[in-house]
Structure formats: C-alpha cells, structure tokens
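Please go over the structures that come below.
One chain, chain A, links the two complexes that follow: it is found with chain B in the first and with chain C in the second.
Now for the complex of A and B:
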C-alpha cells in the first residue's frame, strides 16, 4: 500500500485528538485510530481540570502555556464541553502549607499567571463549607474545568473539519519502525510518521516507553449547586502526589456545570484491576470529609476508577521515540493529560512542520529516557 | 385503628396513616413531578426499590432523598420538582 497519510495517530484520547487537530490544521493529512470510542480510557475517567502546576519549572511552563491555549479556545467551545473558569483554590491546613502559599504565589506570578493569597477569612467567604480550621489558600483564578470526553470529541471534530480521518473500534496490533501500523484484522496502513498517543497503552506498542498506569478513584455526587465554587485541592497534595512508592489520597473536589461535585483523589501503583479498592476509597472520602465535613451527608451517584499514564520524572513524552525517527510519542501526561493536551498538540505539530515552538521542548523529549532510568516492572 | 400523621408537601398539609411510604403518599396527593432531570424533564418513581433515584425529593432541606425508601414522619417537610 502506498503512503497516503502524513501522520497516523494511535489513540483518540484527548491528547491524540489535540494532536490530530493541530496537525490537520497545519496542513498534514491525518488518520486517527482507536480501539474504542473517542475519549474512552483515561480521558473519560479523569476530572477535567485545566490546572497550572509548579512542581518544576518545566511543568509550570507546559501547564501555563496549555492553559493559555484553552482560554483562547474557550469562546469556541460548545456548551456541552462545560468549560468553566472557576479557578483553582489550593487549601492550606497548617502553618507549613501557609508558608508554601507565600512562596508559590511569586512563582506563579513570575510565570505570568494571576495568583492571590487568601487569608483565613477570605478563604471561608469564598468556600463557606470548608472546615473552619483551614488557615488560608492560594487562588489561581484563571484555571478552569471542563468535561473531558466532550472536549476530546470537539477537538477530533475540528480535526475532521481540516480533513483528518477518524476510525474508532479499530485496534492497532503493532507499530512498525519504518512508519506503518498493523491493524487487528492484519492489514497495514503506512504514513510518514506514526504518533503513539495511546496513553497507558503506549508501552505495548513502542519499546522503551517508561509509562506505568497509576490508578485513581473518583466519586460524583448528586446536584448541590453552590456547595463547591472552585476546584479545590489540599496543599498537602504536593507531598502526597510526589510519593511514588506508596498509595496516597488527597482532598480534591470540583464543581461541575450541573451542580454535581466530583470528589478525588487517589494514587496507586501496581493495581491494574478495574475494581474499586474500598480501603483506599474510604481513606479518600475521609480526607474529603476532613476538609469539607458536610460532604459526608451528600448523596453519591457513582464511583469509578481510571488510570493515569505516569512517567518516572513526572514529565510527558512528546516527540521522536528512541526506536525510530518515524515513530513519535505523545503520552505519559499522568494526571495532566486534559490540562496539557492542547500544548502537546501544538508542540507536536510545530516539530513536524518545522515551526518554532513557543516553549522549550527538550524537557519533554523521549530522548531523555535512557536505558538506565527506564522503569522495569 | 391505625394512627395518622401530618406532613407538609410543597407547603400543603397532608395527613396519611402511619407507616405510609413517602412515594405512595406523594402519588396519592397527586404529585407527578417528583424531581427534574439535569435537562429539566419531569421525573417520578420508576423502580420503587431505591435503585433508580428517580423519585428523589427534598426532605427537611436535604436534597436528593429517595421517597420510595422513606416512611412519612410527623412534621416532615417535603419539596418536590427540584
């Protein structure tokens, strides 16, 4: 078969869809494949938090750039994407976390992001249902939330309007080094470049991809409009989410456009089952009730699990893989795949067509992953 | 002879025999719209056994309470169609 596509994207999660959008808009002929529906794996399981995070300068650069792209796109998003600029409110529970707020505010501001320190009084005015013992917070007002599967669908529809082709229900069995994919029925399709955007499924298709599934639980309540006004996260999250060795939970709640409340979060390695871990779920809900005691009286409609594609150094893998210059990666975004999808799409398209990226791309290059630091399970 | 008790439904007083399930009391009182879906459509009891949540009403200020799993109580204040 002759090469008919410039790029074949494997995976129609939000990252693959964003890459399809940007590549097709840049004039490339794109085919996007997924074994399931659009946004059916990590994308559909996630919260949909457009958050800027400052764990590292590279992470801040990527999340800040991505949020700018989301804010630019916001006006075009249809109502069912449920984009709401509710802001992120990082909650300080003790003096140490309050000190961290004072350091972090200048980090955000120096990156060009609005950031505001809230004293205890302002915090409780903003979020009246928080535990009165909470000491203060850091408000990042331009952060947002959205409904991820519909956002992915919107991006892939935009890609199709630029000529991209979408095939769902099509499994990819193998990615060839010379620029081809073998499908479940044994047929193959060629392209100038294959982009592996298969999230947690990426390592099965490309060797030396240090991505491991990191399990999480989420709970969604009935509608309680106004109970939560911002996406709120405990500052202790910065400690718990960093722990790569043990299971952890953190207070993380999000107001949905419907008035429902999403409650997270948990992080767990080494459990790839789809089943709910009730011990961890209990810890997660106890943490939520510690920060917002009235949560215990709310009615829950559904609880589920999902998997974040995590890398050892907390940065995604964006660009040519180690195996071939015809096989590229866009995966490993862990819990920031929704947030940073638009930036990933833009950087991938920039690299392919030779435009100058707006932020340095080296920190996300798969080439940083040498044999020595590849995670072996 | 069974005891009776009085509750309030959307501000109106309703007297029922003790032991009456709230969903039944509401239906007897002519309530057809127990709650609204997220898109504003009317909803009422479907499964009658606490699974579907379609019969949810507000009881004493608490949202989303399943009326089919609740016995009427003296002085209970019920709001429907929310």
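Now for the complex of A and C:
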C-alpha cells in the first residue's frame, strides 16, 4: 500500500496531541500512535500548570506565546479539561527573593504579560493560609491550570475532526531514517515525515536525543475548596530547579477545580523507579508545611511519581533531528510540557507547511545539540 | 525519636477476630507482639462494641483471651503507608509514628460491596452495614419502614438488628434464588458454621421479617430523598415498596490495599497465602477475610495459624489445618450460594452514578477501556474513598481489574508524611 500519511506522530502525550491538532488543521494527513492510552505517561502524572517563566528570554518567549494560545482556546475547552485562570503567585520568603520580584515584574511586563507586585499585606489577603512570615509576591494573573490528560484528549479529538487517525495500544519499535515506523507486530507504516513525540521514550527511538527522565513526586488531598486560590510557587524554586545535579524539593501547590489541592514538587535524576522516595516526599511535605502551616492538617488521598522528559539546557527539542530530515522531534519539555504544548504544535506545523512562525525557533532546534554537549551535567 | 519510632518482632494489623486470634497465638512465644487497630474498639466487624461484655459468647471468650495475652494493643491507629520492607507509617489522631517489624500479619478484614443502580445515591439509601451502625448508635428507627436488599447472610443479621430497634423491616430481598439457597442450606449441616446460619434465619423469621429470595433492587425512587424502591424477580415481575430507608449490600470484598502496596500476589481477588498463611512476600502473612471472605470461624483459625507460624510454633499451627479446611469448604459454598446474578451487571442507566466520590456516571465511563483510563479521564476512584467502592463496582460491572494500589492505604495527614523517619531506627 502506498504512503497515505504526511506525518506520523509517535506519542499521544499532550505534546503529540497538540502537534496532531495543529498539523491536521493545517491540512496534513496525520496518524498518531501510542503504546498506551492518550496521556498515560508524563501527561497523566503532571500538574497542569499553564505558567509563563522567565529563566531565559527564550523560555519566556515560548511560555508566553503558549499561554496566549491557551487563553485563545479557553472558550472552546469542555468542562472536563477543568481550565481555570487562577493565576500564578510567586511567593517571596526573604529579602533576596523580594528583590527578585521587583526585577521580574518588569521582565514580564516588557514581554507583554500582566504582572503585579504584592506587598506582604496584599499577599496575605490573596492567600490567607500562607505563613505570615512571607514577605510578598509576584502575581501573574493570566496564568492558568488545567487537567492534562483531558486536555490531551480534547486536542486529539480536535485532530480527528480534521481527519487525523489515532491508534492507541500500538508500540513503535523503530523509526526509520527514510520516513517509516516499525510497529510491535513487525509491520511498518510510511509517511513523509515521522515526528518523535514520545516524551521520555524518545531517546530509545532516535539516536542522539539528549532527553533523560527527571522524576517528580505529587500529592493530592481531599477537597478543601478555597484553601488555596492561586497556583503558588516559592521563588526559591528558581534556585532549586536550576540545580540539575542534586535532588531538590520546592513549595508548589495547585487548587483543582474539584477543591482538591495538588502539592509538589520534587526533582530527581538517576532514579527511574516508580517507587516513592519517602525521604524526598517527607522533605517536600515539610516545605509545604513551612509555607502553609495549616496544610499539615489536610488529608492526603494519593501520592504518585511521574517523569519529566528533560534536556541538558532546559529547552525543548522541536524540529528536524540530527539523524535525518524525515525524522523530527517534539520532546524534552521537562516541567513545562503541558504549558508549552500548544506552542510546540503550532511551531511544528508552521515549519512543516512553511508558515512563518510567530516566535524565533532556533533556540529549540535539535541541531543545537551536537554530540559533545549531549552529556548532562 | 522514641515516641515516633516503635519496634516489635511481630506486628498485627487489625484487631478483628483474625487479628485477636493471631495475637493470642503469637503471644505464646518470647517474641514482642503489637496489634494496630484503626478503630477505638477491638473486635472487628462482628464484635466491635464499646462494651466487650455485650458481645456474644465467642466474642467474650476471645476478648478475654486477647486481654490476658501480652500483645501490645494500639487502637485508633491506622497503617497509612509502607515505607520500606519492615517499616510502616502509622497515624493516630494526634500524631504519627514509624513502626518497624520483623514479621507482619495483615488481618485487615473486608468491606461491603455496593452495586450501582438508578437512585442508589439518594439520601437514606445506605450500605447494610452502615444501616446497622446507625441502629447500634441509637439513630431513631422506631416505626421507620425499611427494606434490606442485596446478598449474603449479613442481610439477615442486619434485618434482625433493625427489627429489634423498632424499625418496620418490610422485607429482606436476597438476590440469589431459592434453588441456590436450598443447595447452600442443604450442604450446610455438614460444615462447621451451620448453627450460625440457622440462627440467623430463625431469628429473622421469629421477628416476622419476610425473607424474599430471587428479588433484587432495580431502582430507588425519590426526589431529594428515598421514597420507595422497585424490586424485581427473575420472571420479570416487579414490586414497588414504599419505604423510608433502604440498606443494600452485595456481599463482602477483601481489603487488599495494604497487600497490594507491599507487593503480595493477589489471586482471584484474594491474597495468595501458603499453608502457613504466608504471602508471596517475605515475612508478610495474612489471615481472615483478605484471604477469602468466610466468616468468623475462618478468621479465628487462620489468625491462630498465622500467629503460631510467625513465632515458629509449627506444631500448634499444624493442628489447625484440618479445621481450617472445613472453613474453606464453607467459604466455597458461601461464594457459590450467594454468587451475584448477571442481571445486576445491567442495572445502570447512562446517568447512573458509578463513582460517588467524583460523581462519575456510567455514560462517562463508556469511553474507558479499563480502570486506569477511567481514573485518568474521569477521576473515577480518585476521591476520598480511594476507589474502594467503585473499583469493586466496576470490576463487577465491566470486569476491570485494579492492578496496583497507590499509597497511602488510608488517607493520611500531610504532617504525618513530614514526621516519617526514613533511616531504619
């Protein structure tokens, strides 16, 4: 049978689904494959914070663009995606972090994002359960939260409405340089282009993909509506998330539409097991109790771990791979894959059909990763 | 450190008949023994009461033996998580502690199985056991019109209890057919716990409670609370009963969360154990309902065997193998006699709620292939009951398996997770 697909997307996580949506909407004939169900890996384990971040200008450009796309889509999202524009509140615990707030507010504003400095009084009005010792914060009011697996399902359903084909429970054993995939049963399917969006599974299919799983723990509580109003993150997170070598925890809480509270977060390399690391979990909960003492009394119903597909320079890999111009990548989004999925999908489609992307794409080009700097710190 | 860390040679989780018997047996050795019970009272499903003297004779007997044995009892303490082999996290109302053991006996019992049918989430529809608890706690039942429906011998016990508290028990609707029941009743005298069954039937008859076999509930009616229930028979006939309360239970299902978390093999919905009650995991034993729902006698015997086995008293354990076999035969008959009829699997309509914690309907579950995708897309099983009810319901309705358990075993405070020590002592 001759090739009927323009693009085969390997991986129906949120990134693959967003790419399928954009590609099929752009008129391409898409097949999307996943070994498991839609959104069953990182996407099902993650927190769903649609956040703009300013670690680097590239990161700010990508996250800001992506958030705009989410806000444009918000109206269409069905209720089960649980999209809520609750805003991000970055909490400053000391004078140094309070200084960072003042610097950051102008960075956000110059990128076109609303941002507001909160003094201690306003901070505690916004979030009455925060530790009274907290000094202030930075509010990014347009940030949002959603429920990732249902967002992925929504995107893939949109893709199907544009003619995309979805096959779940189909493992890809190999991606061929000339534009083919070999499936678990030995059969192969061809396409003009193969997009590897397999998340943490991407390196097993394409050589020289410097993605490594970065483990994270999450905890969810019973329902306590109103206990937390914004997604809150400590500004110390910037320090801890940057250290790639050691395990770290940070205060990071999210109000769910159901009234439940998600409590994170931890970052760990070199532990690929599904087991809970109780030492880290304990530190993570201690951090939450430090920022919100009353959180200690809340009841936990579930704890789990997930893996973020991480790259050495903390930027995703979007575009043609080093292997062949018929094998493309859309992976390596680490802790921002939910947030930046829509932008990734748009950029991939732009590049394939030759539209001018709205933001520079060079920073995410897989070509930046030559053999030498593949090593993680 | 000492108040947040305890160590015992033998730790028994659960102070029902199985756990109490295990403690009595294990105490006949020089090992240190602790019993952890989440309730304020010992005795489990059957004998749990503020006043142990008020329990039936067997209950009094075992409570006395348990009291006299040297086992250290910690009540209002729930095993919340397994940190590592030999290390549990236990939560009490005030705090949490790390509990280290050399050998563990799980005697955590079973729970009622609910089946979703239209209207089952209306106020005043209860689990049969829940209704019994209401009765025990002095809830005003005088003159209340009550229907008890579902399956299993417990319906009779509950019906009798309600009757004693002055409720008008309009009927006990047992889904199993008379044919099945007769077979069950006929085989019974050859087996151990026959007296119990006869006593139950006699008692409910003496109290004038009609016992209808081959009837099952298909719909509970009412707008903001229960007003009546429709029962159906195998020949298709239906019967509307106006009532104030409905107690439903479709048998018992083992509590497997702790066993799953510890990695024990589960076979056909029960914990797999060898002749010494040892599970597939080293140093971990199991007794009572989790190995098979078979009543008090089974729980008592298995508990003792496990208690002897973990303290290296094999001869005493071996002496109980014969009696245990009888209770296993009884379990088999019980399961056959009260097997759920297929009609119960088709009672839901698209808008019937299946997971009541998260308000997930049958229609929403139609897009899911298994319990995992249901959890992922609908949050079925993600609520406060941690999937205890809907995992069994969806197993019965759709054949879905729950392959693993995520910690904690029971909901646990954030603070308790902070308190856990990770270094072994």
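FYI, the second predicted complex is superposed on the first by the 374 of 377 C-alpha atoms of A that agree within 3 Å, B and C clash if a C-alpha of one lies under 4 Å from a C-alpha of the other, contacts with A are read in each partner's own complex, and residues count from 1 in each chain.
The rule is short, and it goes like this: a residue touches a chain if its C-beta (ideal position, glycine included) is under 8 Å from a C-beta of that chain, and two chains touch if they have at least 3 such contacts.
No experiment lies behind these values; they were computed from the predicted model shown.
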Notebook entry, point to check: Between chain B and chain C, which makes contact with more of the residues in chain A?
Noted result: C
Next item on the list: Report for A:301: first if it touches chain B alone, second if chain C alone, otherwise both or neither.
Entry: both
Notebook entry, point to check: Touching A:222, do we find chain B (first), chain C (second), both, or neither?
Noted result: both
Margin query: Touch test for A:44: chain B only (first), chain C only (second), both, or neither?
Written below: second
Next item on the list: Kindly classify A:26 by the partners it touches after superposition: chain B alone (first), chain C alone (second), both, or neither?
Entry: neither
Note to self: Between chain B and chain C, whom does A:281 touch in the aligned arrangement: first, second, both, or neither?
What the structure shows: second
Checklist line | Touching both chain C and chain B, counted on chain A across the two superposed complexes | finding: 222-223, 258, 297, 299, 301
Checklist line | chain C-touching residues of chain A, taken from the complex the two chains share | finding: 37, 39-40, 44, 80, 149-150, 153, 219-223, 258, 263, 276, 278-279, 281-282, 285-286, 288-289, 295-304
Note to self: Quick check: in the complex, which residue numbers of chain A touch chain B?
What the structure shows: 222-224, 258, 297, 299, 301
Check: Which of the residues in chain C come into contact with chain A in the complex?
Finding: 81, 83-84, 358, 369, 372-373, 376-379, 382-384, 386, 406-408, 411-415, 417-420, 422
Next item on the list: Would you mind writing out the residues of chain B in touch with chain A in their complex?
Entry: 38, 53, 56, 62-65
